[in-house]
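Chain IDs A, B and C follow the sequence of writing; residue 1 opens each chain.
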Amino acid sequence: MTHISDSQNTDQRRFFQRYAPYFLLAPGVTWMALFLVIPLVMMVYVSFWTQTTFAISSDLTTKSWVTFFSSETYFGALLRTIRIWLTVLFFTFLLGYPIALFIGLFVRSKTVQTLLLVACVIPFWTSFLIRVLAWRPMLGKEGAVNLVLQKIGVISQPIEVLLFTELSVVIGMVQIYVVFMVGPIAFMLSRIDGSLLEAARDIGATPLMTFRRVIFPLSLPGVTVGAIFVSVMVLGEFATASALSGRKVNLLGNIIVTQVGSLKWAFAAVIGVVLTIVMAIVITALLRLVNLREEL
Amino acid sequence: MLELVDLGKSFDGVSAINGVSFDVGEDEYLTLLGPSGSGKTVLLRLIAGLDRPDAGRIVLNGQNITNKPTHLRGLGFVQQKYALFPHLSVRQNISFGLTNHHSTPISDANEVNRLCDEMLEIVGLSGLADRGVGQISGGQKQRVSLARTLVTKPKLCLLDEPLGALDANLRERMTVELRDIRARLGVSFMHVTGNEDEALGMGDRMIVLDKGSVIQIEKPADVFSRPATVSVARHMNNYNILPGSTRNNHFVFAGSRLSIPANVENAAFYVVGIDKVAVEPVEAPERKDAASIDATYVASEFMGSRVVYLFERQDGQVFEVERHLSRETPVNYIPGETRRLSWDVNDVLTYAPDGSLVNNSAQLRGAA
Amino acid sequence: MHHLTKTRWALAVYAALFLVFLYGPFVVMGILSFQQGPEGGPQFPIIEWSTYWYQHVIGIAPASRVAPLPVGDALIRSLSLAFATMVVSTILGTLTAQAFRTKFKGSGFVFYLVVLGMMVPGVLLGLGMSLVAAQFGIDRNWWSTAFVLHVVYTFPFAFLVMLAIFNRFDASVEEASLALGVSPRRTFQKVTFPIIFPGILSAMLFAFTLSYDEFPRTLFTGGSQVTMPLAIYGTFSVEIHPNLFAFGVLTTLFSFALLSVYAILMGLSARRLSVRSTGIQEDVT
């Protein structure tokens, strides 16, 4: 504080200048507090309410929680959700990494790079739900895949397990989410300095060694960011499962939807909290591997 | 016109500017010399109002502007890296301050164009008015940046290393032009630089800043001939600095006893100008009121109009001797041969262990 | 070197297969949208090529047992919702990113609070919001409860885009403007805004598309008046018909139109810059 100040006006101005970031933040933070934090807190709170068949009361109880963990259906859904998430995560990485490698490292022309990335993004211009539905005529008993395979004589009988199974859910999710894996990895790979690879070659490293020792470690932050994207989306999924499994595969998300549909708020909230916890563990673990703020 | 009183500023507890006081007069070219990290850019930002000081005040024409927002100060500020508006043409960059001024915007397009053309003429960019700022060279950008500020007719213009990003040739030309432009417009310039040639050559007065404090404010010639501290002396690139101590009216340096000016006690640095040294044969007789050391010739360097001979001192450091080619023809010494380097004791400056100039006869003589 | 060329070719072939995987369903969808109607189903073989389902979507096909998609109302709702979301998210995103240009206490907390909005699955947020609405007796509508969640979802994207833009933004041009005696407000209008405009456009584009296609959050909080994605979701439980595919093809085309507008706008702002180099003078205003 200076001992000399012109007027109160200047003091006021200094006050605003000093706290300027907080004024700018206020609208956004308020919005998030009201419409993000409060709903999540409410969810935890409601999960301890008393649920009866036709009504819900705010008397606190852990009954819904007990029901969740003792019920085959609910606990099974948790395990299934985790299984499908891991499967999808694995395949998005397996299918996505080579593409990212191609786009980020092997294509050195910026134009071609952009074109390929745009090609990967274009599907997002179609409604998510229609993209999911488009898999039905692909995978059905008389679907395109069976038709083509029969035409070229690979199979004589149509494969029936393609649609309305866990497999179709995984195929659908992998196709929809793989791009979120490709993007961040390709981004990290494209930042690798070409001279680094030349240096590796100059000291006599084989391409495989260069990949293992240089390229792959440098792309890891991209893999982590991609894994965060995919995990966040797959764990909260329910539409793909209900569209491509014929309601046979129920994920936690699906159960929340059904419970809300039958006004079982407390059960829905319990599942919501469980999902949040799973999510929090996964994201925290992944964030330990990479500083999101710095990678952006 | 502008007066700084005891200005202080620190960042995260680290002091950047400390108790800085000086003033800038009307129609003056003031240069501020400081090594990087001396706080010179911080000082400019405080004056421009882009940062607020923690202590002290800034007074402009009798008005305290310490906490006044930048746009109300009416000062010009030419940034180090030009900071041209990338989305505007050269003409639009220059007219920007005229048409968007907070209190007195000029709306008459003809008037704006006239003022722009005039300014383009002054900075020598007449043909480039409609170029994008991405399509001009570094020197031209520098001129646009200057023109953009000067066209708003500020009373005082702050220049932050305006020549720093230019190559040597361009730098020399702009040096002359800056002085001319300033003189024509009658604006006061406060020119901040890390280059001693620039500071010495351009200013009417110069300020030496080191570690956030003002060390010396004088005419460039005086700063040059009588640096206030040993670090200023080092910065002038014009002195041989011999470390040692005084004993029995002599200065002991690496085993040599050197005569010192009268009344000097407790000096830790013995400083002699590189142009004040005579090179003699080792067997030359000792002169009265002179001091000398023997040194081994190493090499010479031609630098335009002058030549610098490099000798190796007893302590292994370099001792420089400069000669102007206009005054004498260069001599070819044999590398490895020993020579006696001598100088007039009255040309010697001595500095105390804390680096400050010790009051001695040379200074008294210079002041007289 | 020979080795790498072989790898490159293998990867190129793989990339082609990958694109087939990505686009396969669309091609099939496109083909089936021309299925004969109204009897033809959403599967092979094509009984007869026709544009019946396109007529069905835009409501000019003769009445049949297949209920028409609520294209009119639902589409208008979706577009209005997306528009409002886009405006609010972009403003919030820009303000918040602007705040992040200076250091302040608690920036890490605020950063993750905002990013949380895009991380929390729609189901959870939709559920939480509907619980809040039920508890406080708030009516659920697409323009109220659903709208605020759409902003929660898209604001982080807008924020991140603007953050990236500001990271590359050189603040010294703003200081130059202030030093020329231009007020902070006008500096923002004349300097900051024009320079960050392409970024704002991307942020808007992001927010609009995400909101337009959003559906888990809307499902729980949208109330009885459905948006387009909800209308499509509604057909999941009953039989699907090729009219959905026709609609899919139409929306894809619509998206392309939108993308083209964006590309043209970007192109224009790039051209405005390059005009300077060719010497065409613009009015000094």
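Here is the rule we use: contacts are C-beta pairs under 8 Å (C-beta built on N, C-alpha and C of every residue); 3 or more make two chains touch, one makes a residue touch a chain.
All of these numbers come straight from a predicted model, not from anything done at the bench.
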Two chains sharing the most C-beta contacts: A-C
Distance-maximising chain from subunit A - centres being C-alpha averages: B
Between subunit C and subunit B, distance of the C-alpha-averaged centres to the nearest whole Å: 56
Mean-CA-position distance for subunit C and subunit A (Å): 17
Mean-CA-position distance for subunit B and subunit A (Å): 59
Multi-chain contact residues (two or more partners), subunit A: none
For subunit B, residues that touch 2 or more chains besides their own: 69
Complex contact set, residues of subunit C against subunit B: 170, 172-173, 175-184, 186-187, 190-191, 194-195, 272-277, 279-285
Residues of subunit B defined as touching subunit C within the complex: 48-50, 69-72, 74-77, 79, 81, 83-87, 89, 91-92, 95-97, 99-103, 109, 112-113, 116, 130-135, 145, 148-149, 152
Contact footprint of subunit A on subunit C as seen in their complex: 3-4, 7-8, 11-12, 14-15, 18-19, 21-26, 28-29, 32, 42-45, 91-93, 95-96, 98-100, 102, 104, 108, 110-111, 113-125, 127-132, 134-135, 148-149, 151-152, 155, 159-160, 163-164, 209, 213, 215-216, 219-220, 228-229, 232-233, 236, 240, 244-245, 247-248, 251-252, 255-256, 259
Contact footprint of subunit C on subunit A as seen in their complex: 20-22, 24-25, 27-29, 31-43, 46, 95, 98-99, 101-103, 106, 116, 119-120, 123-131, 133-138, 140, 142-144, 147, 175, 178-179, 207, 228, 232-233, 235-239, 242-243, 253, 256-257, 260, 265, 268-269, 272, 275-276, 279, 283, 292-293, 296
